[in-house]
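Chain naming follows the written order as A, B, C and D, and within any one chain the residues start at number 1.
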C-alpha cells in the first residue's frame, strides 16, 4: 500500500506508484479538490488497476471521520475506507477511543474499515472484534521516517490478530519495510519515505523489493539469534589444517 | 556474496547459492577435503559463473593464513583470497594486529586480499593503505544473526573508505542486509542466516531482493529522520473539511 | 514508587521497600487477603511513613476497577487509587478505552486517580483532561524487564503533559529508571525488577540511586548527541607537542 | 574516573571533580602548560586525594605516546599512564596496532599502562597479555555522547577479562554509566558529558550516583528479560475478585 501525499508533482507521484507495485493506494478525501494548478485532479494520476482507498485524514472526531467516509463512498461507490482520527497536531497519532467509536459507526453504516491505530494490542483486539477488516498500527509517528519504534507491540499484535496487520506510518527506509514483513505483517503502508526521497521512483522500487524480501524472510523461517557472548562459525572448526593438507582437492 | 558453511546438504547449498544471485561465493579451504559421505566435494556444488573466493577460515596467525592462501591459489590459479584470522573461539572475531600483518604478507606475495576485519575505522584505513582490495567489517559476531551491532563504526568506515566496503558476519534477516546497503555498503556477505533458515532457498532469495532494495534505497537518497517529538502529515492539513465540502469532486 | 508483588517473603519485601526509599507503595487490593501462611497480612510489612496506593490490578472492565477502588477507599479512608484495567492476559497491557471510562467513573466518585496507561500521547492527554492526577504510561510489558521500549511516545507525553508522568512497568535495570528520569519523567514505578533480583534489597537501593541520578541528569541539562561520523576530543588538539615541550610544567 | 577537558573554567572543573567523587582524574599532558589567562595551571585545580592519571592524548604513533608518557613520569614521579594513540581526526578512535605496540614499549619501560582501546575482544586480550593494568574500551566516539554503541563487544570483553575493564568515551548521560556498570564494568571514564552539561557540577553528581547504582545493580543480580510476547504480572492473577470479597481486610 502507498499514500499519495507530499509528492513534488502528480506525475512524479504516478511514476512512483507504478514503481512501488502497490496494490492499494490511499488518498486523502480532503485533498481531492486541491488540484495543483495545471495538473488536474490527483485521482487522474492514480495508475489503472490499483484499488483506491479513500482515507479520513484530518478528522479529529468519529463524526468527522464518518462524514468524510460517506463522501468517499458517494464518489467511489466502494465501501472501503482507511479510518484516521488524529486530533494531536504534534504527532498525528491516532486517538484510540475515537478510532474505535468511529469504526463502530462506520461498520454499522456498511463500510469496510481499515483503521490506522496506535500499536496497542488491546485496542487492536477491540477493533478486530468490532469488525474491522484489518488493523493498521503505527511503526512511528507519521512522516517521521523513524522506523519500527513500536516493535514489541507490533509483534504481540501480529501474533494475536485474526485479521491482516498492516504496519502504517513511520517507515523511513526499505529495511524498515522488510523488518515489518519479517515479523509477520501482512502489508506495509508507505508514503513520506518515498515522496521525500531525492528520487521517489527509485525509492518506491526499493520499498517494493524490500517488502517482498521481508515476506520471503518471514516465510523462510529465520534462525535463532545468539546471545552477544556466543558465536558459531559458518564452517566447522574441527580438522583445521589437519594432518593431510595435501588432500585439499581444490 | 555468500558463504558455504552449515548447510544441511551440498545440494541444498547449491540451490541456495543459485537463489541468492550472489556473484561471489566463499569457501573455507580447510573444508574442501571434508566431502560429505556420498555427496562429493563441496566445490562440485558451486554454481557455474560465480567467482570462487577461498577463505582462510580457522587461521589464528598471519602465517597460518598465508599458508592456507597459498594452498588456495595453487588449486584455483586465482590470486583472490578472503583473509580471516580469528584466534578467539568465543566470538571468532578477527584479530586486528594479525589481520593487518597477514594482509601485508599476502599482498607482498601477489594476492588480492579481501580481509574480514573488526568494525574499526583506523584498522580499515590501515588495511586500505596496505593495499587490500576491500575491507569487510563485521556487523556482529559470525553466525550470531544479531544484525548491525556496529552501525556507528560502519558508517564512519563507509564514509572514509576508498575501497569497497563489504559488511560481513552477523546479518540475520534480510532487513539487516538492506540496512547495510542503505548506509552505503558495496556488498554484504551472508552465510549462517541462509544456511540455518527453515527454508534456505527462500531465505537466499529474500536476501538477494533485500540487498538490491537497500542499494536502491541508498541511491534514491533517503529523507531526513525527524526527532521523536515532531511529526509531519503526508497530506496537507490546511483546508480540512473547509467551507465548501460540496466541492469535493471525487 | 514501588510495587509489592512477587517478593519471596513479606520480610524481604519490607526490607526492599525500605532500601528503595520509595515514597509511595502500591498494593494489589485482591492480594490483601492472601496472607502467606505464618506471615500475616502484606500490609503489616509496609514501612511506616510511605503512602499506600491501592491498585485495581486484575480488573478487566471499568466497573470491576470501580468496585475494587471503592473497597480500597473503604479500608484506607484515602481517595488515592492506581487504576489498572488490563484485559489482555498475554501482556497485561492496559485497555485504553476502559481505562479512560474507568477514570471518568472514579473521578466522578471522588477518587484521586493515577492511571496505568499505554504510552499513547492522545490517551494521556485525554486522561489528563478527564482529571487524572498523573499519567502512568508503560515502558514495556509488566514484568518483562525490557526497559524503555516506548521511548518516543514517552518523550512526547512528557513534553505535553500538565500532570506528573510516572513511567510504570517494564523497567528492568537501574539504568532504565535513570533513562526515564533523564527524559523528564516525574517518577518511576518498579516492582518485578526488584522482586526477582538475586538480592532484592541491593537492587532496590540501586534503583533508588539511579532514579536520583536520572533526575539530576535531567536537571543538569545534557549536552548534544553527535552524529555517528563526528567526534570531538575532550582536550583541545591544538598545540600538541608544540615547539617548546620543555615548557611542560607538570 | 573523570577527565579534565572542555570545562568552561578551571574552577568549574574543580567543583565538578569534587561532585563526581572520582578516584582518578586524567589530564592531557599537552594541556598542562596551556594555563588559562589568570587562572593558573590546570593541575592546581585537581582536588587533593585523587590519583592523577596523565594521558597521551594527541599521540598518533607509539613513539609519540612513549615520549609523552616519559614527560608525565618525569613530572609526577608516578608510572601510571593512560595510553591514547588516536590518529583518526574524525573519530579520535584508538589505533589498535599502534596502541598495542605502544603498550609493549611503555610496559618494557616500567610504566603501568591503562590503554584506551577499541571495543575489540581480541585486542583487549592482547593488551592484557602484554601486561596492561586495565583495558579501556570505548562505548562510542570520544565526545559524542552516544552511549554504549559497542555493547555486544563490551559484554564479551568483560566476560573474558582478567584485568579491570573501564568503559571510556562516549557516555552521554548518567544512565549510560549505570548501564556500563550493570554489565560488569569495573569503572567508567566520563569527561565531555559532564563538561558540556548546562550545570556540570550537578551532572557530575548524577554520574557519581548512576555509577554506584549500576554497580549495585550488577551485584544484585538482575532478573531475566522476557521475550516481547510474554508478560508476567507482579501480582498473582489467581483469586481475583474471588468468591469472598468480604474477606478483603484492608
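Just so we're on the same page, contacts are C-beta pairs under 8 Å (C-beta built on N, C-alpha and C of every residue); 3 or more make two chains touch, one makes a residue touch a chain.
By chain, with names taken from UniProt: A, B, C, D = thiazole synthase.
Note that the structure is a prediction, hence the values are computed from the model and not measured.
*Asks:* Between C-D and A-D, name the chain pair that shares the greater number of C-beta pairs in contact.
*Replies:* C-D
*Asks:* Looking at CA centres, what chain is most distant from chain A (thiazole synthase)?
*Replies:* D
*Asks:* Provide the C-alpha centroid distance between chain C (thiazole synthase) and chain D (thiazole synthase), rounded to the nearest whole angstrom.
*Replies:* One centre to the other, that is 28 Å.
*Asks:* Between chain A (thiazole synthase) and chain D (thiazole synthase), what's the gap in Å when you average each chain's C-alpha atoms?
*Replies:* Taking the mean C-alpha position of each chain, the two centres sit 42 Å apart.
*Asks:* Among the residues of chain B (thiazole synthase), pick out those that touch two or more other chains and give their numbers.
*Replies:* 90-91, 93, 140-141, 146, 149, 151-152, 156, 228-229, in rising order.
*Asks:* What part of chain C (thiazole synthase) is in contact with chain A (thiazole synthase) in the complex they form?
*Replies:* It comes out as residues 86-88, 90-91, 93-97, 100, 118, 120-123, 125-126, 140-141, 146, 149-153, 156, 160.
*Asks:* Could you pull out which chain D (thiazole synthase) residues touch chain C (thiazole synthase) in their complex?
*Replies:* Touching chain C (thiazole synthase) from chain D (thiazole synthase) are residues 3-6, 28-34, 41, 43, 54, 57-58, 64, 67-68, 71-72, 74-76, 89-93, 140-146, 149, 172-176, 178-179, 182, 191-193, 195-200, 202-203, 205-210, 212-217, 219-226, 228-237, 239-242, 244-245, 247-250.
*Asks:* Please output the residues of chain B (thiazole synthase) touching chain C (thiazole synthase) within their complex, sorted ascending.
*Replies:* It is residues 151-152, 155-156, 159, 228-229 of chain B (thiazole synthase) that touch chain C (thiazole synthase).
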